[in-house]
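The same subunit A turns up in both complexes below, where it pairs with subunit B and then with subunit C.
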Partner chain A sequence: MSANNPSTPAAIEIRGLSYSYGRGEAVHELNLTVTPGRCYGLFGRNGAGKTTTMKCLLNLLRPSKGEVRVFGLDPAKQEVAVKKSLAYVPDSVAFYPWMTVRETLDYLASFRDRWNRSIEGDLLDRFRLDPKQKANALSKGQRTQLALISAICPEPPLLVLDEPTSGLDPIVRREFIQTVIGAYQDADPGKRTVFVSTHLISEFEGLIDEFTIIDNGRELLALDADAARSRYQRISARFASEPATLDLGVAHMVRRSGRDVEVVVNGNASDVMGRLRALAPETLTTESLTLEEIFVTTVQPGAAA
Partner chain B sequence: MTAATAAPSIRLLAKDARALATAGGATLAALAAEHVLRGRFLALPMYVLGAAMLGALAIGHEYSHRTLGQLLAQPIRRAQVLLLKLILLAVMLSLIAAAAWILELRSLPRSGDSDTLAALVLPAMLALTVAPWLSMVSRTAMGGAVLSMALPGFLWTVIMLAYVRVYGEQPPWSFTLAVFWRGGLTLAAVGAVMTWFTFQRLEVNDGPVAEVRLPSFGAGAGAVRRGSPLVRLFWKDLYLQQMPIAIAVLYCAAWPLFVGLGGRYLEVFSGLSLFFPVTIALLSGALSSAEERQLGTLDAQMLLPIAASTQWTVKVVVALALTLVVGIGLPWVFMRMVPIHETPAPAMLVDRPFLFAIVGLLVASLYVSSLMMSGIRAAVVTVPTVLAFVAMVAYFDSWFRRNRSIFWKQFEPFTAGSGAMEYLPYAMAAGFLLMLLWFAFVNHRSGDHSVRRIAPQIASIAVFVIAFVVLTAVVFDPVPSV
Partner chain C sequence: MTDASMLFQINFKSGKPVYLQVVDQVKAAAASGAMHAGEALPSIRPLAEELRVNRNTIAKAYTELESQGVIETLPGKGCFVRPNNSPLKKDVRRKLLIEEIDQAIVQAHHLQVPAPEFLDLVRERLGVIDEKRRANDSKTKVEL
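Then we have the complex of A and B:
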């Protein structure tokens, strides 16, 4: 993990980004900063504005308002320099149907200054992709695998992944997330950045350093992952008999069943623990929420299991 | 670790050459087939169509293949990408222009050299400059092709009409040519600038305003929701047919303009009116099946709890209705409203062989569409396929009639000239078209388009053609009995 050095430009800097499709605003006044070397998650429900945000980063969409910088560069003005510094895996992967896997990789490699052939061979083996197979004969998952290979092989300083694991089988998904992305970042520690949007938050749990949750194009929460885990906690208490009254302040009541009480707290764990302790519970435990639970709690308060 | 070896420009050119190969090859094949058939009549329209398709596909194929995002995300300047695309397009256009010139256009009757030059150069120029721009604006290759063919004609008509309004008489031919040249050059210049700027600011936009689309048909979504599944299927299939409907709208808009011009221009319009049903039949067939694949909706459609055969029937009915009602009906009504005595257009439109040919073209394009991944590809492939098919049948028919004595020495005609047998070729052709429709249905609902699967269909078609030629030769042109 790299320190946030002011002399080093952020891998991604988004300030007041807005984008509208006709009358509907897909992204509204979004701000975020991704420090180099970090794995940054962009979480949101379907249609939250994640893909739009990513496309604005790549100059595939022109922001209606605000500004976007990648390593301090404006994607609209220094398009090639920005694209040299990143690789992108879209949510819907498509390749030219007449090309084979080999031809597709050669085609994409031709745009790059560097291309790691040994990683390419290794990933082709891992994903069991036949280089002679035509792109139009690949399944959705195999197309995603091919897109991931083509993103990893140029070894860019920034990987932009939009739902990168959709369509992958559990084995490949786990291998990609835990091994491939981990190896990609470890190969040049502190310099390789991953910016990922995903629904499968739990699978990226150990990888995410920071995240932003957006809904309806607006930022709901932006936190360091460790800070989020210490801030969002689930407190469970069991009492000798059903408590008559419970005043837990601003904590979200998740479950109350007879003698058992379960609440989720957001940064006020000690206060709530104190209140519960005052009621002399038989047991009182606390645990951090997972990122997925934090996401659900944030987007749909009261729904966290 | 190794660096990439081949230059991106070469890869880009090779990729785009492959993407345009079908349209370019199909146009060349269509021109060659037309030459073999000694047609000439269709050479110019096919060249114009081919040029427009190539121009629209230059950028439009990235929309069709959903690869625009991938292309624009590569670390290469957009200007370089566009330049390479246009260079390749210019080469392809030069190839088909040369073929059109050598095979057909140089022998066309004309009033001056500038006619032929205009016919050869203007379509290529507009395809190079206007079609890519319009395909980006409409976000479909088909939209780009149709609009790039319609826009120059529409502007030209408006200028002609303005002349009549100002001077109270028809413009002289020299003025028309001048408008053609200067207007075309101006449009090409505007198109070139717009192509450049549009590509530089091109967005990969999948949002709600993604494409230029016609408004919903009928009374809107509410009315559709209340309908039965068949009605919903009908509206859905009609919505797939936006391009032929857009052409019909342009045709309707052009009619009062041509009527206003009158005289020779009305004759030109009546000539165009014979191409109108051909275009409608070609496009409505081509879009029917392939466009579902293009949109990625075919599997979901096939899984609907309604028989696949019912869905297919609705599809065929919509395409057929569009062809007969709009393609034939509209020009016939227009011709009847303002009769043009010098041309046989109105009578030809409802002539039995012409009607049969139009329905045949529709069924052929439906069949090709059932094998293709996009409507524009189906439209491009249908024309040379049909021409090649006609050429082969004509060649076999001629060969058989010359050599039939090999097969039999004498034959006593049993029906020659009798009334009922007059309909035999139509009955057989109808049977052939039904067989093609069945094959198209089989292809439509199956994802397997391998040669192994298609080969029996081709064999069946060949057997049917042989039977047709032999039987019609026996019935209508029997060898005199010895």
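Then we have the complex of A and C:
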């Protein structure tokens, strides 16, 4: 395997990755490249293969087929170097219950070459975590906050987050992922890479630079977030009377209800707009789908976005 | 948080890349006098948090604004609105504007807005923005 430029390898390079648990294939021929400095989303429903993919990056699982590289290194052969270059927050985190928040952070810091005390203090304040609190007295949300603080304090060039917001209070989780990623990327942003899996996509709308949607272990769509929003549009038209025939060319989804026509397009908005305009509608509007709507319409093409 | 961050609003449904929305809004704020020459732009991290976007997006917007000569970066101090003198030659500036005008004309045609009404609208909008600029100018003077 070769990166485009050997002097600056991709933060993550996945080529033809397959993984099977017994007879069932959890990941099938997945390809994916994460450029340093980007915030990359891996979107999929529960059981789509997100966690399996991440575990292959960490050498917690050995790929059945294909290759994974982290900054050009093979996690199976250079496990220590790979683990030094990243921090991983799994979907459920556990700490030693008898340690306090302070002791937990000191213990975790002892495994790392560096530890940014000012980020640590800043985030403990912002999350109102009490350093004297015992880990077993923390709520699930507080445990996740502690795990994220301990992931970014070593300032690794790669942050791997597996469903970091699931199970959290919907009001706080959005702000808090923003705070964590903002703090992580504040210094040296060109070298701060985030690889995050989630099925709660709306919280990551503005954070994601690029994403891959997987379902049943297979890639369905991989795009830059801005490009995705400009390709996927919902066009709504209302006619004076119910249109008899409607030839819209290629449309991702068409829904008709009396005088109203709603079309979801993937990349040919101007063509479909032109065809609708030719039928002289009373109103004609268009808006982009959000990443969450793009996810839904990609995973379930029949469903309304 | 500086006041300026309240000038910006991101709409993920507009179909326009998020960084370009920031670029256009800074340019609009500078044109209307809501931000004046020498004024500091919000720094990247608080603005990113405020707008709930990635800092890369804000950084990309600021880089674009700098290359267009709208703002300048003073190392260690931040980004500031520049006095309005585009580094581009006059014919280049005209050409860029013509592209935008043509798009508006095409749009007017499809929305069945006839030429005289279109021209009236242009005059009206010039007036509105001019009015805003004057209001902002007088505000600044009172503060001084």
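In the analysis below, the second predicted complex is superposed on the first by the 287 of 305 C-alpha atoms of A that agree within 3 Å, B and C clash if a C-alpha of one lies under 4 Å from a C-alpha of the other, contacts with A are read in each partner's own complex, and residues count from 1 in each chain.
Everything that follows uses one rule, which is that a residue touches a chain if its C-beta (ideal position, glycine included) is under 8 Å from a C-beta of that chain, and two chains touch if they have at least 3 such contacts.
No experiment lies behind these values; they were computed from the predicted model shown.
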Touching partner for A:116 - first (subunit B), second (subunit C), both, neither: first
Which superposed partner A:200 touches (first subunit B, second subunit C, both, neither): neither
Touching partner for A:88 - first (subunit B), second (subunit C), both, neither: first
Touching partner for A:22 - first (subunit B), second (subunit C), both, neither: first
Touching partner for A:60 - first (subunit B), second (subunit C), both, neither: first
Which superposed partner A:220 touches (first subunit B, second subunit C, both, neither): neither
Touched subunit A residues, subunit B compared with subunit C: B
Contacts of A:246 with subunit B and subunit C, given as first, second, both or neither: neither
First (subunit B), second (subunit C), both or neither touched by A:286: second
List of subunit A residues in touch with subunit C within their complex: 37-39, 174, 178-179, 181-182, 185-186, 189, 205-209, 225-226, 229-230, 233, 277, 286-291
Subunit B - residues contacting subunit A, complex: 1-8, 10-11, 15, 18-19, 65-67, 69-70, 72-78, 201, 203-209, 373
In the complex, subunit A residues that touch subunit B: 21-22, 24, 26, 51-52, 55, 58-62, 79-81, 83-84, 88, 90, 92, 94-99, 106-118, 155
Residues of subunit C touching subunit A in the complex: 10, 12-19, 45, 48-49, 51-57, 59, 110
